[in-house]
């Protein structure tokens, strides 16, 4: 069980799934697989087959017109981690849930739904998790407005 | 008994053994838990949103308040992400100091967890004994950073200040006495036949579930999942240090507790080695601008905290503020196991299982 | 407490009754002040210091203050930590469950004013005094247990000035509404 | 005449228990503090011994809350229903050679039977509070107190077999020092079963702080709660005094007042041991509690009983 380097990972990935190969890049020392939101589910399934048995983190980033979904996968056998990123348009912010692949996605997807308003299809129990059930809006969106927020004076 | 006979009991959000503000809706059939649903978010303070309006350095105090039992971890994980993003090289002495404080922090945090196992099972005295050990670590940290709880010590590029005079000796003293004190607490708690009966075979987590549910830290290692970032994804100076990763076998509350116990002893070894290898030098990277403005991109880095792999995901848009910060919280992932682990046990076991997952709600809710 | 109020009024109307009333006040205030049992409303970081306060090193039992998890048995609610909008109704409910006379200590910057979470956040209530009548504010993030000790001793001074008679009692604004309306 | 005597006795018992509880709570706070490396109450009086003088008036002056959803009648009188049987049980404890306040021919039986009535009070309070946690606590208490009656009674029975009487004064007159080694096992069973009877750690499931917050008295405030605490300490005092008499001879060691002092001293040691156990041991689970009672404690009590019978026959 030795630690795999990024290059080895790329080779391994390309050998197993040639169609994913061109989407692979390296950013700040981490392997990143940038996929289309339509193919996201497929790519994640492939990577699970490849040996990525842990879904460490799922989160989203608000880029204005689009949301970027970030999946952090870890493999115990290869001892390596990598990212899968996919962009979904803001207008139809919806993506297939991964709870059936990795149960750890359960609460994390609820959290993204809560704070970003991205809907995960086929999620068993998609409710707000951190905020109250009657909360209006999704606070981590950049355009979230709440009268109760007091802006901090810009000292820096 | 039919399903109609179920009683719904609300545990929390302010309950002596939820370790913070967690609410657990429990469906009971007599005393047997049929369904336990944790309801979290009572301490959701929006730290991730706040970070978007702070400069990179100003976020560090916020990370203190994430895992308030082990502030150093969140500091360090955040700083590693910033350093990766901005390409900062940290001086060696600073790395050693970070390892030392984080291993001490592991002791402090595990003391809290082991002690609260005592409190959950009703042995409050063991909690006091464990807490006394924690107080000594807190004293050491106070000498370092001036604060007892929220240290703000690990900063991007190094640490806040060099070790004060005489600190190394005090630290050695503490580390020397700690394993013996640890054994005393072990005798008082896990040596007690009632405590063993209360924790053995309770809340069994299989390795398969541990991996699938993203459990990490002592919770996963208690089930025999041999995964420790310090060894498997080595960071900082850990490759130069010799330590073993204690593993459990059955994955019950007892094993999780024992793993924490042995981790404390291992931490003492690590601290001793790190103190031996510590050499004079700068503790802060030179030439850092007052306002960091990393190039656009995103970076993730994680460390092994007392609760598991604590990761920080940072997105930069090139400005002086993070565009987005996300904390991958181990306690959040571990707590999601509660419904599975508590089912079929009694209400008394529920609090023990919850305690053995060692959630810190600052980190769970963020 | 209606019976006590009437009794106190009757005493005040009786010649010489004031002396008796003052004596009763002195005894009850002394007893209350020296036996301030804590309802630990610990939510965040300050809760750690609140725990430390009653443990071996600081040991508030020396002053007769012991923590009891049950609101019905306690006198002082120490709100230690950030109160979020989701948590506030629970805090208020627990406060209502405490029997009179009761006091509230806001421990730490978050409970005083929101502290570090005052700005830019959407879910934090800026100070517990937005919905509870706070008697003692303790600054610090988190305050040291010694500060909490000082706060409780100051609360004891404040208790000393109270009276069972309605006309001599300080007027407190009762329960304030939760910010953003009632939600439970 | 018997009414006046009863009134006098009742007042005496209440004063005794109240005084005992005041001293007991202070002592417990000091003992637990010592075990936990703390100091305990320190400010009022020497070693904080007057601390309870502040606590009791404070509880007296506290608001008496009755929850709106509570069954008012049951809720209000449950503390009395818990307290009264325990106060009554003090009546048959022999304090003086040939004398007990109520020297009934079935005194020992009285002592075993009457305090158990307080379980009804606990159920009243649990049901009356209209609170799930309290109800759970009350049901736990009922199961536990009824079960531990058995080994406790069997343990006491072994002394009765040796003495050949159920009348406290006669039993004490028959008491000989060599009963101590013979009934030592019985005392162990009596000690453990009594701890369970008075709902104290490690058998404090009905009021388990970390699970049920405060169990059946979770909704009681002020003086009503104090009555519950007094009942708990009263049960402890009664059990300790009775055990000191039956298993250790109590006042039989020395004549007169000195004997009484020895008796109280032994009882105080037993009480301290009860506190020591509480502050050292974790709490059992409900099923473990019942298993322990029926598979360990009851057989042991039976063994003790057989032993006592053999010794009694052999003599």
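What to note about this one:
For reference, chains read A, B, C and D in written order, and residue numbers begin at 1 within each chain.
Operating definition for what follows: a contact is a pair of C-beta atoms (placed from the backbone, for glycine too) under 8 Å apart; a residue touches a chain by one contact, two chains touch by 3 or more.
This is a predicted model, so every value here is computed, not measured.
Of the two chain pairs examined here, A-C and A-B, the one linked by more C-beta pairs in contact is A-B.
Ranking every chain by how far its Cα centroid lies from the centroid of chain A, the top place goes to D. Note: centroid distance chain A to chain C, computed from Cα atoms, is 45 Å.
Per-chain CA centroids place chain A at a distance of 24 Å from chain B. Centroids of chain C and chain D (each the mean of its C-alpha atoms) stand 35 Å apart.
Chain B and chain C have Cα centroids separated by 32 Å.
Shown for chain C are the residues in touch with two or more other chains, namely 55-56, 69, 86, 119-123. Of all residues in chain B, those touching 2 or more other chains are 15-16, 41, 44, 46, 49, 53, 128, 132, listed in ascending order. Counting partners per residue, chain D has 36-38, 209, 213 as the residues that reach two or more other chains. Of all possible chain pairings, those that touch are A-B, A-C, B-C, B-D, C-D. If you check the complex, the residues on chain D that touch chain C are 29, 33, 36-44, 48, 51, 53-58, 61-65, 209, 213-214, 218-222, 225.
Those residues of chain A that touch chain C in the complex are listed here as 131-132, 134, 139, 144, 146, 148-152. Interface residues of chain C, counted against chain D in their complex, comprise 1, 27-28, 30-35, 55-56, 59, 61-64, 66, 68-70, 72-73, 75, 97, 99-101, 164. Those residues of chain D lying in contact with chain B across their complex are 32, 35-38, 132-133, 136, 201-202, 204-205, 208-211, 213, 279-288. Residue ranges of chain C in contact with chain B, taken from their complex: 41-45, 47-49, 51-52, 55-57, 69, 81-82, 84, 86-87, 90-91, 94, 116-117, 119-124, 141-142, 144.
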